[in-house]
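Labels for the chains are A, B, C and D, by order of writing; each one numbers its residues from 1.
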Amino acid sequence: MPLGANSYGKSGVRLVRIARREGRHDVQDLTVAVRFEGDFAAAHVAGDNADVLPTDTMKNTVYALAKDRGAEEIEEFALALSNHFLGNNPPASRVDVAIEESLWNRLGWTAFEGSSNERRTARVSRSRSGVAVESGLKDLLILKSTHSGFSGFKRDAYTTLKETTDRILATSLTAAWSHASPAGPFAGSWGAVRRTLLDAFAAHESLSVQHTLYAMGEAALDGHPGLSEIRLTMPNKHHLLVDLSPFGRKNEHEVFVATEEPYGLIEATVTRNAQRSDS
Amino acid sequence: MPLGANSYGKSGVRLVRIARREGRHDVQDLTVAVRFEGDFAAAHVAGDNADVLPTDTMKNTVYALAKDRGAEEIEEFALALSNHFLGNNPPASRVDVAIEESLWNRLGWTAFEGSSNERRTARVSRSRSGVAVESGLKDLLILKSTHSGFSGFKRDAYTTLKETTDRILATSLTAAWSHASPAGPFAGSWGAVRRTLLDAFAAHESLSVQHTLYAMGEAALDGHPGLSEIRLTMPNKHHLLVDLSPFGRKNEHEVFVATEEPYGLIEATVTRNAQRSDS
Amino acid sequence: MPLGANSYGKSGVRLVRIARREGRHDVQDLTVAVRFEGDFAAAHVAGDNADVLPTDTMKNTVYALAKDRGAEEIEEFALALSNHFLGNNPPASRVDVAIEESLWNRLGWTAFEGSSNERRTARVSRSRSGVAVESGLKDLLILKSTHSGFSGFKRDAYTTLKETTDRILATSLTAAWSHASPAGPFAGSWGAVRRTLLDAFAAHESLSVQHTLYAMGEAALDGHPGLSEIRLTMPNKHHLLVDLSPFGRKNEHEVFVATEEPYGLIEATVTRNAQRSDS
Amino acid sequence: MPLGANSYGKSGVRLVRIARREGRHDVQDLTVAVRFEGDFAAAHVAGDNADVLPTDTMKNTVYALAKDRGAEEIEEFALALSNHFLGNNPPASRVDVAIEESLWNRLGWTAFEGSSNERRTARVSRSRSGVAVESGLKDLLILKSTHSGFSGFKRDAYTTLKETTDRILATSLTAAWSHASPAGPFAGSWGAVRRTLLDAFAAHESLSVQHTLYAMGEAALDGHPGLSEIRLTMPNKHHLLVDLSPFGRKNEHEVFVATEEPYGLIEATVTRNAQRSDS
């Protein structure tokens, strides 16, 4: 049988790097994934491993290059890793390197506390013909306690939802934006785009999750000319107004039950150029 | 800014359906996700919800149709749901319905115990021009205690891995196979493909994860003419031989430490026709 | 400041042991935790580690003894480990060893598939004056689709729950039973007690979770004279009847929504002797 | 068979409370658990529910009282809930209320982002003879990049660990402290104790996890006279120095692999009075 699309690599390479400068340390906490695509049919069909760089070697390489390079933006580290792997493995046609950074806040010169669940992300996809760099964040919890509604929607025989002009809008934001140039600069860029997204979220008069998602994407592209497009994923973490009327109380948008399931799931890409549709 | 690819829907719709037959019950435990693609630019750009069927309505519809249809294969339920939604929502160009089934074993006429973590899955993707049906499984833990090796691989300056002709091969299998026809029949099909995959795994003289993955995919297509292709994802859940020599003992492939991170990640599609490459 | 109760140890020691017998293998998949109590005040107050056996050494010992002893019931392995540690560490006044076993089903002579989420458990608590052995299971999903009701309960101003004589009763069972003698025998015992618990669950005409919990505990003590008491934990995994009346359908106990939060939590110990021990 | 210790209640009551003040909102995100102990033998043995307040009613009561009381310290809310339940349910001999608060940071007048994984906790245990109030935190990630060692420990035949005077010390801190008086005041107290714990962690010259744990507990009691004791749980999240020598590099305490399993687990209580209470 013909072999179709295939890939292999190492995921979950957990790396903590301490940059030591005269008593003041910086900590970088990364999880790296490396993924090769290419001509590996012999390995699959015949069990011939001659072209297969072990994933254990990929892991070793991540640690060795982490030592050599020292602290840097995760986009730069991903660029370096993908360059190393693609250059040294002719059977690979594409190497993707994805890095997630867990953030730490400073407690002292050499002590830290974990920041939120949010992860800073970078993904470099390098082929023989070019390289694409994506930055992003994932699992950032955000919530608007008002300035959010949902009304005027389509109704059918199964619709029981009430219209509302005042609800909680909460999501666990995942976003990834593409850089027009793989050359960066990346320093400062991530924090600036993140700030734009959060400001747009906080300021928006939301008519739906889609409406706010688009406003955030548009603000990111408007404010950061180096971005070519941005993809946002916003699960709607529903907060339901508790019905207190059986107990003789009126709930004036004060007490909500937070639910996990089911959840709305809203995804969209906003692009700078009409031609691009990501399909 | 132009809106690119976008979708919305409801995920995590948790449904338990009891089929009651004269004292003997059957239980079906499903998690349903519905997803619309289409022309929803007005909702994003202008906050105009006139074309937006609420995801709450999607949830209600799942429950109402579950009542109407009664027990059936999850592929059939997904076909029915996607047909309902695409037919009643002109702005939608595509409706995907994904169902995960948690399996229960019988303890008595009306009592059950949970089966494994494994989920049976189905995904129907229906557009104005056609419909595709995929069946699968996810998170099925399987392990070979021998008949597995890894040697003859590429080495470079960062390679420290030793060759082995006898190791544990363990994975959490996820697989999805496409049906050549959306008409089925689906009854019995899922269990038969699953059995073929497990038999191939158990019998294989494995030279690598890729090698075993391909053998499993090939066996599925060979044994089941109704399948057009199959995609397998096999994280390599490494089991490391514990070095007991510091304690004066020899570990003859008896005592292993199971690790979670890092893990190899192997993915490939096996197709029936050479032309298809899934890219 | 005085140091109060304290303990230290190693948790999450992941061990897979392969018993190899002429082509037929058995696999045992264990997670071991070791915990010392005793006079370790100097370590806490002064940083004096002279009496502190490193937790890394505990881990090494688990692997070395696993090699020496070969396959056995987990209660026996825990007894042996606790005996080793207490005997060799005079400052320790008590050593607890807890083992969780993940179960595998056979696919072939040397191939296996993961069983359910359920874990078989054992806990040995050994002090200078004696030893106690507990066996158990955790996270076993069980469900009754009928023969379960809840009515006649206390009502107050905040009660809106309707009485029912037919509901789904589902839980994720955790149970632990104490052996009157630490000498066992343990072979076959675990499966027999488990079977008694499941049979009682399946057969019970349930008037509440408490009612079924007690019936299960009573059946275990009645059927197994070697047990001195049993503790059961049964979260009530609520399954709510979906209201289909807005859509013109009647839900005759067929379609339920499974919920995760909030959940009832019911716990009790059933003892053989009135003078209960765990006050 | 005699019924031993037993309890029942509702867990996972998810509550978001918005305090609305002229355009400026505050958000409080709580998960509440209520637990009754008492004379509920008839419910267990005979299925007689006359004394059983449904856990659904407990949930309703949490929401109703949340509305009545408005924003307050979680200790105060737990005190009020336990008072309500014990006062209205004569068969209950003890009511425990545990609250976990997820913290949010302000993005704007009515917008928020999730803080870390850390949870603020409170537990009130109220019986007919008195009430105890505990405050705490859980799952707070903290890390020292130096000023931490482990040496001079006990060695035996299974010890391979090397001594070190410079290692990473990282943990996910859980702590709970008892208030000498249930009257509080609680406002400001939680943040102040938390700050003392973090300052002690950052400043400590650590000779072991036990050593640092004790120093943190001692600092909390020293700095806060209203506390009677504190219990700390500190899993040792091991960070292993990567051996780069096979690749011709020297790792000068820069590159570490973060591991999840196995982990050391260190727990202790520090008390103000020598006659310890928690035996």
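To be clear about the criterion, contacts are C-beta pairs under 8 Å (C-beta built on N, C-alpha and C of every residue); 3 or more make two chains touch, one makes a residue touch a chain.
Note that the coordinates shown come from a computational prediction; the quantities given were computed from them, not determined experimentally.
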- Same or different, please, for the subunit B to subunit C contact, judged on whether over half of the interface numbers appear on both copies. same
- Measuring centre to centre, with centres taken as mean CA positions, what chain is farthest from subunit A? C
- How big is the gap, in whole Å, between where the Cα atoms of subunit A centre and where those of subunit C centre? 38
- Message: As a quick test, compute the distance in whole Å between the mean CA positions of subunit B and subunit C.
- Response: 30
- Message: How many angstrom lie between the centres of subunit C and subunit D, each centre taken as the mean Cα position?
- Response: 23
- Item | Contacts with two or more other chains, residues of subunit A listed in rising order | 14, 60, 64, 158, 160, 246-247, 259-261
- Query: Which of the residues in subunit D end up touching subunit A in this complex?
  - Reply: 14-20, 25, 27, 29, 60, 63-64, 66-68, 70, 104, 107-108, 110-118, 140-147, 168, 198, 201-203, 239, 242, 244, 246-247, 249, 251-259
- Item | Residues of subunit D defined as touching subunit C within the complex | 1-14, 33, 35, 40, 43-57, 59-61, 64, 88-89, 150-156, 158-161, 206-211, 213-214, 217-218, 221-222, 229, 231, 235-236, 260-274, 276-279
- Name, in rising order, each residue of subunit B that touches subunit D in their complex. 157-158, 160, 246-247, 259-261
